[in-house]
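We call the chains A, B, C and D, going by the order they appear; numbering starts again at 1 in every chain.
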């Protein structure tokens, strides 16, 4: 179980979302409310676009987010128009930077909350479907890293929603072949620095929570006294595992089996349907 | 806030107490019940006597105890007749090995749960009272390290109970001079490898919890089916911040402002009275 | 490039070989003489049998061996009749505990100095040959971990020399299929806690250095004043990447393409011949 | 022994100096040429001003600079008009972030290469001279942290050169009182984000090396084909423990017992004279 957030909008210090809200990601690392575990202390990561280079920067650590001083320094002093942040609760795999999210390939970032069930049994089959040049990039032992490289294999860079649907379908195909009842539990996000694709899906139809922020103009109008909220640009959007504070009207739940696309112009929300039987 | 345990008896694998009980120290690192914080994830330490050398070994880490694989390896494969184990929840000072307990000086170990209140204000005065050669040994920034070196200055190696009482009195003297209302909150243990001295005291008379195990012969008689309990020697004794499991009759609370001495022959439990006005 | 040592004999403190010799493994971590790099600061590991449990303990760290205090504590206070120690110089893969040696499976340990050439290209094919249940155990991204799991797949636990020869042959087969000129450079050791098998081999016939210690009785007779050497048992044997000190007559080089077997009774030294065309 | 560099000029990616030059700070962490040790693998730190906030950011790590991926990420993606970078070779004190340079107080940064001789003996007296509120900020165990806090006590924020001279004088006074022959060996730098003060001094008159870069206009004229050098602004200045590459004419040695001041307008170079007998 993990927690994550993604931001897109005018550049803001990363700390505005990671450190400072009442129920910030740091607070969630100690006291998550909606997740399977309350403590998310098995490493963390931040990935951000600096507005100059197309490739994102990634800072990952094995320490708990709440006691990592470098995280405070970095997020306070680095502003970004699009960033991912993730705190990890290992379900058994090693606590190492290469198992921390977000993962990166070229200009793409990926992060995930959830799991591939019976991973030890299906792991080899999942690896086999990854394109050989991408296999060489695997560095850790997590299911999430494999999900990302499967999605890349299935065309994430060209058509991200379809690639995520093929990835989910393939995991379900492999799981079914191994007799796994509910192979996939996932709330995942991917970005190329321009748009964010965030999917909520699980084989059992009871997915981990996922929220996106209300339109920034509405938020600003409702909270005229909150300086940080007033500074959000019209396009600003946040996607989170759980709300960052008590303002219920600031957040909308992503419906079960849906995918949201945060992008320049109109954002989108559509059904997410795994594509089975395609890749096997 | 921290949690700790101390064991004395026939050699047992350290894991028997640190990893395996239902509410082991590892479990307490995620879900402490009686402490000020539920999570104790800011490093840990184990100190043990190997039965050959008079000097103890110390293993300290900045990682949470629950995800440190080396801790599992070490405690499973090392047996010891006397060991200390400690998990840390920092109250603000840096998470670094030199702030992790137990601290060592020659053949002595020391660990602590609690705090010196308004430490930033009184820190310099506490340092000033430490014997100059001991100042050179300070490596971290914690109040606990200073408490240990004050106790050493006040004769811990010769008369541990008196030294701890002088240390507590000195902290209260310095606190009073700085207008601190309740200067000391402490449940601390020290050992030379032969006896364990464990004190529970706080200026406000509401000290952190501290328990010692019931006589091993009684325990064995009550739980004839528990293999590990049957293996405990007559002299075996455990002192803990909170009980390691649900067996209420296996644990006795150390009374407020008392000090217990676990030693060859008869153990002792006596009042603990800070010695004020001596060292200033 | 890495450095390693293996010991078998009467129990001795691990520090006797890892910390204390003039050109100890710690010294080699800063100033290796015979290797491709002088600095081996990308993590280290120690594996040891405790004489009670059949399964070895493993302590691995991402820190340089020279500044890891826990390594000093552990090796000073733990004695063992058979242990492996390894210091790592990464050739690019992540510095993480799961890439540190020795690797473990059940009662077996494995460590390695050398490399699989063009690893990124051949990695997937090497993984494909590993038995599916063993794939689930992979935790890192190193070539060495794959070599170990290939050897396990090829019967390491039953016939270690043949398994290592099949593993080497398979790596050469795969390398040849990918047009790699000299696929394998290896000086590796494996043990089950009873015997140590140490092989020196490279496709180009110019393998990394490997030495074994002269018969302990000869050593004791030659250096009557060296207390530690006098304490070595008749059966004591050390295998090392490079000698631990200036005594040339204490060390014999393992010949090119040979494997040594340290075991109860007579030790052995035989040619090492990769078995090609078997596993593909 | 350590190595460091300081930059002031138009904003550049930190990696331009830390990662990319032929004999970059990363290269110096493995192969320093002019220092007392060739390996500087006991942690590192970077401090930088982001151009928005007056307070600098600090990233410090216990890992060797050469294998820390976060350092590569950060320095590649963060640009700064003024930054410090430091790699550490411990002379015995713990490898922990709080012993890594640069140190920070408010808007000031400080870093140091050298040592206080017989530090264990004089440490307490050095601490005693530090202003009590600054004592509360001490977090590590290094001589360098004390030097910084002494300089702060002696007015670094108002008159940095005089404060450093008083600091050096005080260390020599205390050393003399303890019979230390050459109490101080120092090449140190401090900055408030506007000017950099870099002093080279040692009691024995044989100080660690220190260089500053030739006027950027001269450099650009001499190397018209070097893209990065052409991008340096007129005011750009680098101060380093040892030159970053083979261009001898790009570097000038700071003379023995001198202090350089890099600042808006004309830089300065003046004699550095410890002020003895003032503070005791």
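To be clear about the criterion, a residue touches a chain if its C-beta (ideal position, glycine included) is under 8 Å from a C-beta of that chain, and two chains touch if they have at least 3 such contacts.
Computed from a predicted model, the values in this text were never measured in an experiment.
Taking A-C and C-D together, the pair of chains sharing more C-beta contacts is A-C. Chain B and chain C touch with mostly matching residues; of the residue numbers seen at this interface, over half occur in both copies.
For the pair chain C and chain D, the distance between C-alpha centroids works out to 41 Å.
In chain A, 69, 94, 97 are the positions where the chain touches two or more neighbouring chains simultaneously. Contact topology of the protein chains: fully connected, every pair of chains touching. Chain C contributes residues 93-94, 96-98, 119-121, 123-124, 127-128, 132, 135-136, 138-141 to its touches with chain A in the complex. Those residues of chain D lying in contact with chain C across their complex are 30, 38-39, 41-42, 62-64, 66-67, 69, 90, 94-95. Across the complex, chain D is touched by residues 48, 50, 53, 57-61, 69-70, 73-74, 76-78, 97 of chain A.
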